[in-house]
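Common to both upcoming complexes is chain A, partnered first by chain B, then by chain C.
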Partner chain A sequence: MKLKLRPAHYLILLGGALFFVFPLMAAVEFSLRTNQGKSYGLANYRWFLHQDGFRPNLFMSFKLAALTAVLVLALMVPTVVYTHLGGAKWRRLIEFICLVPLVVPVVSFAIGAITAMPTIFQSSPYELSFLYVIISLPYTYRALDVGLSSIPLTTLVEASRSIGASSRHTLQFVVVPSIRSAVNGAIFLAIALSLGEFTLAVLLHWDTFPTWINNVSQDNVLGAISLSVFALFGAIFIVLIVALAPNIRKSEKIEESA
Partner chain B sequence: MKSSSGIAVHLDGLTKRFGSLVALNNFSLDIAPAELVALLGPSGCGKTTALRILGGLDVPTEGRIVVGGQEISHISANKRNMGMVFQAYSLFPSMTAEENVAYGLRVRGVNTAKRASRAKELLELVGLSTHAKHLPNQLSGGQQQRVALARALAIEPSVLLLDEPLSALDAKVRTQLRDEIKRIQREVGTTTLFVTHDQEEAMAIADRVGVMSAGNLEQCAPPADVYLNPINVKVAKFVGAMNALPGILTSATTADVLGQSIRVRGESPNGSKEVRILIRPEQLGLHLAAEASEHTATITGHSFLGPLTRITARLNRDQTNLFVALPSAQAMNFPIAASVAVVITADHALIEG
Partner chain C sequence: MSTFEAATAAGTSGGGSLTLTKGTRPIKIRGKRSSLLPLLPFFAFVGYFLIYPLFTVSKDAFLDNSGHFTLANFSQAFHGVYAQGFLLSMRLSLASALVSAVIGAALASAIVRIGQQSRKVLVAIASVLANTGGVPLAFMFIASFGAQGLVTKALKFAGIDLYAGRFTLFSFMGLLLVYCFFQIPLMVLIFSPALENVRPEWREANDSLGGSRVDYFKNVSVPLLFPAFLSTTLLLFANAFSAYATARAMTAGQMPLVPLLIGNLVDGNVIANQEHLGHALAVVMIGVSLVVMSMYLVVLRLTKSRS
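Moving on to the complex of A and B:
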């Protein structure tokens, strides 16, 4: 049924939009101020592009985000599929474990990592990815769980197995493409969380893009704002790529069949 | 389409228990090469369990499965080379019809050209060559099940397993697709096990019908045999409509029913000579009676079924309700409340157990 919007609905939508858009507009406006606020330009953006450590820290955050996304998918897709197929009795336990990071302070993870993480991992910044996987569990689990609940998983898996596909083929060719939106959602959440995470990186003494922003922006407020705007729109850009990729594939198919 | 010679299937003493529930009880069945056997029975009788065990999707508690002379009881589902069509729509939603059909070959490492050629061949066989690029959500239910059938056949399976593939379709499409499945099965010659709860479907499609009840295979025989010579009361009552008329045993093999003597088989359940005799509605005829008597009945209703009309009548002797199926034109001669003499045209019948 199509919802008919009334004037009150439009007012609420407008209020929500303004609440969301005003700070963004203000940040963009601030980031473009130059010459002590007397004119507008891209000087603040040029400033941070030429700061030491911009590229290495940005790439480090991208690498951590990519590794986190891969680890999240490798861990969570088979696990959540299992809970939907034969492991229903484990479902509550796994759901509980995945929700625990919501109530455990990030500081505790950092201390836990320092005391319990194998030394070989502690010597590399990529240890952060393992911790990012943990703190993204509540969100990625929910995204995948909802996605799998929306398809006839048992029937699809049995259909795939009955015509000769192994479990790996079934996951790769049938399950993951069938919950592409949910997988994209999980990837997006993992990436967004990794790109923005600050506390763990600081506590474990690793340089990432958020810690670098914090360091370089101490004495340049407008530069800090322009960096925040850059990081925000960069993240939105990545989200758009992740979100639109499957739709491009789908529309290609529909055009072919038309 | 090349025709395969089919492979024999031997199911031997299959039992499946879910806790204390026995879903399948010492189930044995032989299916000849290229034969189509339909398992028929009410919900929960174990027919789908038997099919799933053959397909490797369930593990039997006891028993063994031999296909083509080779025991496959412990082989996993994906290594049994069986094609399966499910009751629920099971096309992979992210793949086109063509990709769905070619999927079994893709996971077997068959090259792209051969896969495409085979998918095209199969889609032509099921009459959907123009829908190759359609996604499942662009196909109707009947089309989806045709693609599922093509997908199951694409791998040239040893055995084709059809688990109520028509039950989600409307009546007209169901009849069309039923006939197509039969044609295609004859054409490709694949040994097939078809599970259904629809008697008409089973009778129309199968070389043999296996009637199941509470985990047991009661009878497996050609459709006409199952209908005309049911092995026991369970089969007689499940397959087709059946009247239970009052009768008196006059010997071990004869009974007097409505004043007529007919041959009977079976035994009186409590040793009494007063029994109930099972006779189908089309094995009864009617004549208008001049006056009511112990052997006459009173017409109580008509149900128009197109070519046939089902007449309901009540016996004067003990108020037993009975059904008579007559050609509709003839049924008009017997209005409601008319007194009629009931004639039995069957030469033998079963005693109700």
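Moving on to the complex of A and C:
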């Protein structure tokens, strides 16, 4: 028996949809206004595309996201794999440490970073990536841990080592490919977090795409609304692609085995 | 991305009490002693970029400007505008957590009943909405619920004047409304896995034993889901409590929420030489968050040990 939708559930869904769709639609409507609201057009979108700083800041955010993803992979994949093999007794501790960033408000963490980090480190915007690795720990750890729990890791590693592969090769050619989707998930989470992060960037005085949106929004309200619509629908678009992508891969696998 | 993924995990284990399935146990390679060496990069990274900053901020909170030990920063943090800030932040976080938890749970109970594919799409969208904040979120609400907003105008046309009373988007009620926009999706994300663990068979058992819908609700679903509900509500509180970008975009300095007060002290917008006060506020914030999150962990533990 499958649970059925009752009339009450339709009402709840409708109410929820209205609460979330109205602000989105209202923002879209505002963003298309031109000539003081007399007609509709794409002028506001053209405005922010031609603003100084649109491309450099978007590019900066992409660079930070890429660096964060690389750092997360290099740091977390070997660590979590090891906690599933010989280092099982450290697992609890590592799990606990990875939850700490959830407890620490980002503002507090930002103050800590400003106070503690040496000037040479704080003189480059790429410091943000190192801090993003920290605040993404709860999510990336979780993604990798779930992925590794679902494969016969010991067997795979023993097989690989018994035919003479080194630890590095085992990790690179056996473990990582078999948890590909978990690794992808961790990468995606790290990227999404870096692209949207505002608090650390603004408190450490760096310009990224989110802080740039904040700055330009003061000059042109309709332009800022268009920019918001662009950022939000961009994010929804990316997430939907990722959410629906695994299906394609699954069907490929079925074809291969057939 | 914010708290949702880890929180999803927590929600799953919260609901884990409902099923008997367990995850794979950690496995050890035979005859190998576990060494700490492969974990050194992790401990070094976390030690330097997480533990060290937190230690520094805690230490500095107890120092005055000349570097001597003092408790004055904390006594200042618990008085005047800062005490008000903490009260306001806690009130807003509590209200938004409770409202969003109830509405989010209702929404989640409807969402788990719809088809697999559309649910996947909704969950993906919820994960984006749960992470909206700052200027984009503020502008969406100004466009809809602001004085010139579309919803405000539509309601006025229908005879309801939102702005007849003291309501503005930048008041407590306005902020509450805005916070719900990212808190409700977060609740849906975290609470749905727990709901998915409720077996339809239990409903059948209730029905065949002659129980009514009220009996089922009272004796089965509420006792089963309450721990997951409670733990998620605590998480929502922590999430609202530390929200900075949205608070900054929405309040323009009118609402003294703690994250904003700290931000002002860091930027030196208010008075110079008050760094240590900022540190003390940051430490108190961690303290409040720590209390809430340990309650969350206790609730999760209790739930787990019952299964």
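Here is the rule we go by: the second predicted complex is superposed on the first by the 200 of 258 C-alpha atoms of A that agree within 3 Å, B and C clash if a C-alpha of one lies under 4 Å from a C-alpha of the other, contacts with A are read in each partner's own complex, and residues count from 1 in each chain.
To be clear about the criterion, contacts are C-beta pairs under 8 Å (C-beta built on N, C-alpha and C of every residue); 3 or more make two chains touch, one makes a residue touch a chain.
Keep in mind that this is a model prediction, so the values were computed, not measured.
In the superposed model, A:Thr34 lies in contact with neither chain B nor chain C.
By the touch criterion defined above, A:Arg91 lies against chain C but remains apart from chain B after alignment on the C-alpha atoms of chain A.
In the overlay built on the shared chain, the residue A:Leu99 is in contact with chain C alone; chain B does not reach it. Annotation for chain A, partner touching more residues between chain B and chain C: C.
In the superposition on chain A, contact of A:Asn220 is made with neither chain B nor chain C.
Of the two partner chains, chain C is the only one touched by A:Ser108; chain B is not. When both complexes are overlaid on chain A, the residue A:Glu158 reaches chain B and chain C alike. By the touch criterion stated above, A:Gln51 is placed in contact with neither chain B nor chain C. When the shared chain is aligned, no partner comes close enough to touch A:Ser181: not chain B, not chain C.
Contact with chain C, but none with chain B, is seen for A:Ser149 once the two complexes are overlaid on the shared chain.
According to the touch criterion, the shared surface of chain A, contacted by chain B in one complex and chain C in the other, consists of residues 158.
By the touch criterion given at the top, residues 1-5, 9-10, 12-13, 16, 19-20, 22-27, 29-30, 75-76, 78-79, 82-91, 94, 97, 99-117, 130-131, 133-134, 136-139, 141-143, 146, 149-150, 153-154, 157-158, 189, 192-193, 196, 198-199, 202-203, 210, 213-214, 217, 221, 224-225, 227-229, 231-232, 235-236, 239-240, 242-244 of chain A touch chain C in their complex. Taken in their complex, chain C has these residues touching chain A: 1-3, 5-7, 9, 23-24, 26-29, 32-36, 38-39, 41-42, 45-46, 49-50, 52-57, 60, 103, 106-107, 109-114, 120-121, 123-125, 127-129, 131-137, 139-141, 143-145, 149-151, 180-181, 184-185, 200-201, 203-204, 238, 241-242, 244-245, 249, 259, 262-263, 266-267, 275, 278-279, 282-283, 285-286, 289-290, 293. By the touch criterion given at the top, residues 151-152, 155-156, 158-166, 169, 173-174, 177-178, 180, 250, 253-254, 256-257 of chain A touch chain B in their complex. Residues 55-57, 76-79, 81-84, 86, 88-90, 92-96, 103-104, 106-108, 131, 133-135, 138, 148, 151-152, 154-155, 157, 161 of chain B are the ones that touch chain A when the two sit in their complex.
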